[in-house]
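After this come two complexes, each holding chain A, first together with chain B and then together with chain C.
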Partner chain A sequence: MANDILEKMKSSLLDLDMDATIENVNSIIRSDGTVSVQEAIDAISEALQVVGKRFQDGDWFLTELVYSGEIAKAAMELLSPLLAVGTSQQLGTIAVGTVAGDLHDLGKNIFINFARSAGFEVIDLGVDVAKEKFIGAVKEHSPLVLGMSCLLTVTAGEIGKVIEELINQGLRDKIKVIIGGACLTAGFAKDVDADAFAPDAVTGTDIIRKWITL
Partner chain B sequence: MKLYKIHFDPLDRCGECPSDRSLLQVAQDLEIDLVSLCGGLGTCHRCKLQVLTGLVSPPTENEKSTLLPQEIKDGYRLACQTYPLGDCKVYVPPESLTALQRTQVEGLDITVDLDPPVHSYEVELPSPSLSDLRADAERILGILYDQHRIKCSTIDIEALRTLSLQIRSSDWNIQASVRGDEVIAISPPSGQHLGLAFDIGTTKIAGYLLDLDNGKTLAAQGIMNPQIAYGEDIITRLTYAMKSPSAAVRLQRLLIDALNKLILDLCTPIEAAPEEILEVVAVGNTAIHHLLLRLPVAQLATSPFLPAVSDAMDIKARDLGLRIAAGAYLHLLPNIAGFVGADHVAMLLSTGVWQTDGVILAIDIGTNTEVSLVNNNHITCVSCASGPAFEGGHIKYGMRASPGAIERLRLTDDRVEYQTIAGSPPTGLCGSGILDAMAQLYLAGVLNTRGRMGNHQRVSTSDGQREFVIVSKQERDGQPAITLTQSDIRELQLAKGAIRTGIQALLESEGRDEQDIEKVVIAGAFGTYIDIASAITIGMLPPLPLDRFLQVGNAAGMGAKMALLSSSKRLDAQKIARRVEYIELTTIHDFNRIFMKAISIG
Partner chain C sequence: MDFKERILTTMNHEEPDRVPVMGLIMDPTTVNQINGKKPIDFVGMLKKPLLKHIIRYLMNTNWLWSKIYDGNFSGSLEGAIKLGFDANWVIYQLMKLCKEPESTLGVAFHDIYGRVWELDADDNGNLMVNYSRGLLTTEEQWHDWVEENTPLFETSVKNATRFYQELTEQHGDRIFPFCYAAPGIFENSWQPIGFVNFTKFIYQKPEFVRKVIDFQTDLFIRHLDAAMKPGLEVVFAGDDLGQKTGPLMRPELVEKLYGDSYRRVAERVHAQNKKLIWHSCGNIYQLLDKFVEWGFDGIITMEPTAGMDLGKVREQVGHKLVLIGNLDVSYLLVKGTQQEIEDAVKKAIKDAAKGGGYILSASHSHPYVDATRLKWMVEAAHKYGKYPM
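Moving on, here comes the complex of A and B:
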């Protein structure tokens, strides 16, 4: 029974059916503990792994990635508040933004939805984020991870500048840096001394999850 | 068997045909590239032509059911179903020709009141004497006024350097070419007066050589933009230019060298001399404009995307190293804003849509696509990063429109019927063929609305991804099959999605519905050859009745030619640049939602 409803929720999410997923989440909530909130959250996370696989295999595309992320986000908004205080499975805080000069936020937003659904608290710094704003956010929130997104080749240089500033201010070894965006590569990440490059939102979420649970 | 003479207009080709050969066959004998997907079976209805004079076999039932009654009345027939019964004269409409021949017959001349900024005057100079000790320059300026009432105050320094020798060697009879209050060239009395128009695209450059005296286009040529070696898209190129001053110089040098080569290519066949070129007009997007002039680009490449200069400019062509008349000017039409540059201004100018009432969409499709929405005199525009997919880039078997490229394609059950450029054996797909392929796969249910490739007899898996076989290995005598892969489809979704996003964003910001659009003007080489129905099928263009679409060819090049021939058109261009309101696409409310919808197929 418990497995049935979890499977139902997962498959409604993978059918990209927002209404059915929300209905299934609500029936889990109404089940009074037959299925725990944490089990539901884990199931969403599992479903998103499947999404990632389908995306990497080329079966699914951006649209599916965005919709599944939105559905997961809506489900998490219902579930998160119900986690008993103290038992919160919040994995930790990460800060994410698109670098200065670049206004693209599609990839960044997908990543944020996936990371939130995986249990991270995400501080969204928005687009066209100046170096100073990234540094300020690191100082203020002490996130475990800083994520920088960038679509345009021409703004990729900003990433290196932010990392340099982290080093100058003695913050670099207190934080992991992950970068993503269509114009970037793993080689670029190495060059600018970032800790990882995320080719897509799912891989990115996997990487930061591994960092935290190690 | 009796032979009949068949004359094909407007190609002006003539051949003999026995009564048992169809007009399609005789056209093929004459190397006229009529579109024929079905190979003459009468099923694709593409080889339409009009019988102007002469007797032919009566229309078949097939033709009666596919041609409109009015068309039949006007003499329209399918070439493959029509046999001559006497000498005939037929007209081949452009849409029945494959791409290469279409460019040859497309109208090269434009209608504009001649009013070029450069005028040339014959001047007969009185021989100097001890009683007339005026210097050569002052002598010319004085006589120009005396004989033509033209007041000039200066002579170009390069013209001055050769003038003394020139007037003496041509026996004191010369031509003075005047621009504003400056004499820019002194030439022998019989010389031609030529002008040059360039449309510099991200991928291709078109050049036109015109006679400034009568407005006629004397030569037209296209070459590739060699800057491609430093990035297919404009952003990568700007990034390169920002690296160092020498990188920017290299990009500029490459372009100038290409333009100089193009100038020779235009001049040589018609035995014109580059020194006879007295004026140049160039249009391109803002980035190309800046790279050509070697203006700073860092501020253009990043938000808020500010050009160093937007106004029209006149500079000496020699300052850029263009090898034409030494004193000639290069005129650059104004840019609008962001990446939307003078090429879009030129397109709005030549199509006249900027002065039209009603709701009109004007699209110039290229590696960078510009879209304008004319909403009863209020014009808004966006620039979309559509990328090189429709020029064949990033597509596994994509290629440019050249012989052997599949340019039209149809899928019936498990058979693929296609037409290649020049009828050569297929080697890949060019933009219009790629677009047809995507539309046909969607209509056949091989692609779903999200672009996922499903099952079909012709779908196989290679290197871990699905691909649709268009021409099989067997059909190519053992060469690798020509396919369209799942990743190709993804690239195309992004490309067509970018264009559709631009359209929808403008409609939303102007509070208009797609159905309000009265006319869609499509410019650019790719836009000229696409099948509009296919473009609608995949959702690149809004679903409107086909008669609302107008494919106008290289409208930017036409606009550049107009500006070359007419000073008043240059003023119009400035009005356009000031009037058009630029919208930065990514800042539009709900951009991500619009984009998501736009990348879906259908």
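Moving on, here comes the complex of A and C:
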């Protein structure tokens, strides 16, 4: 019975059916504990891993990735407040923002949706984030990972400046840095001493998941 | 052969005297660098409150907008002629400088479609403009926008017609102006609404999405007519359908939503006995067959940073499409050495130019593209691009 409703919820998400997914989530919430909230969240996370695989295999495209992320987000908005304090099984904290001078947020937001649904706590620093704000967030939240997004070649230099500042302030060894965005490449990541380049949100989440299991 | 004969021979997949070279010069940074002009520090002026008010007023007059915008593209063509290009693109856009509290400057350009373009300057004060977001996140906002901006759509079509005509008259005897109808139907559908919202609407409000696409198709066709008015044999249009790793949308969905629009565009161009070159950024291997099916005659861009390999594209489409582009603008034409540029030109020619049907160019315009490197690219094309190969 418990497995049935979880499977139904996963299927509706993978069928990109927002209404059916929300209905299934509400059934779980009304089930008086037959299925726990944590089990439902884990099932969403599993469904998103299937989404990620389909995207990476080229079977799904950005529209499907985005919409499945939106469905997962809507489901999580219903489930998260019901988690008892302290029971949340967060995989770790990621701070992420779009670099100074760049106001694009599509890639960043897709990543955030995906990483949150995968079980990470994500601190969204927004767009046009100054170097000082990135450093401040690292000091304040001690995230495992700092993510920087950048669409424009003209602002890509900001990434190097933030990493340089992490080094200057003795923070670089305490944090992994991942970067992503249309104008960036793995070669650029190497040049600026980032730990990884993610060509898309799914790969980015996978890389971070591997880091925490090492 | 002159530039025109060279281009037209290539468009017919025949070998001209040498591989033609096209410029994608349009950014003020590059235009000013080539023409040895000092930039106007527009962004610096906008930082001063009183000047900001005056500039906003003046920029929003059709007279000054046209003077500045058309002047920049006139400079682009002059610069391209100076560097020895056979062709250069010219693209019309109409924007208004509007109050924008989210922007650092407090103002940003709003184009006629409902997109916000942020203003910035390079280290020398040259203006740089980038799309940042849409203004129309709900169906109601979109309908209101269309209703309120109908007069601006008319102005845009009228201005575009004059823009393409005058630039062709002024420069067309020395270079081929590729008149580019832009922005495309796909971009104009989603960018004013935002990609996430537009995606949601595809699944949740398909009838609204249909309405948006039909409206944008009609408006686009009017701008396409403006681009064809000067009577040149080749016209440009485009839509950024790809992202870094593949198409933004499943090709079947692109067909379902946009296939008829694109066929209509191609038929319109062919009805006037002209050829259509299509621009799309990103990784577009999965759409190449669709491009052929929709009736496009050629494509431009093939971004190496999105994994596009010219040789592979030629292998996939054969001579069903004319290919233009592929030279990298993330490093090669910004900081590359003369040797690296020569090697890249030789490789592009080897990969795609046999039998004609290839025009050498950068993969995209970019403010950081360096004039000297463009010159090296043209020189290398002249040196290594001679037919027969």
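Observations, loosely collected:
Keep this in mind: the second predicted complex is superposed on the first by the 212 of 214 C-alpha atoms of A that agree within 3 Å, B and C clash if a C-alpha of one lies under 4 Å from a C-alpha of the other, contacts with A are read in each partner's own complex, and residues count from 1 in each chain.
The rule we apply is simple: contacts are C-beta pairs under 8 Å (C-beta built on N, C-alpha and C of every residue); 3 or more make two chains touch, one makes a residue touch a chain.
Treat the numbers as computed from the prediction; the structure is a model and nothing was measured.
When both complexes are overlaid on chain A, chain B and chain C end up clashing with each other.
By the touch criterion defined above, A:A186 reaches neither chain B nor chain C.
Once chain A of one complex is fitted onto chain A of the other, the partner contacts of A:L152 extend to both chain B and chain C. Of the two partner chains placed around the shared chain by superposition, chain B and chain C are both touched by A:T63.
Once the two complexes are overlaid on the shared chain, A:M18 sits against chain C while remaining clear of chain B.
When both complexes are overlaid on chain A, the residue A:L103 reaches chain B and chain C alike.
Contact with neither chain B nor chain C is seen for A:L82 once the two complexes are overlaid on the shared chain. Look at A:D200: by the touch rule set out above, it reaches chain C but stays clear of chain B. Comparing the listed stretches 75-83, 93-101, 111-119 or 129-137 of chain B against chain C after superposition, the clashing one is 93-101.
Residues 58, 60-64, 66-67, 101, 103-106, 109, 128, 152-154 of chain A contact both chain B in one complex and chain C in the other. Note for the complex: chain A touches chain B at residues 57-64, 66-67, 100-106, 109, 128, 152-156.
Residues 16, 18, 58, 60-64, 66-67, 70, 101, 103-106, 109, 128, 152-154, 182-183, 185, 199-200 of chain A are the ones touching chain C in the complex. Listed in rising order, the residues of chain B touching chain A in the complex are 235-236, 238-239, 242, 301-303, 450-452, 464-466, 486-487, 490, 493, 584, 586-587, 592, 595-596, 599-600. Taken together, the chain C residues at the contact with chain A in this complex read 102-104, 118, 120, 122, 128, 130, 132-133, 194-196, 199-200, 202-204, 243-250, 253, 305, 329-330, 366-368.
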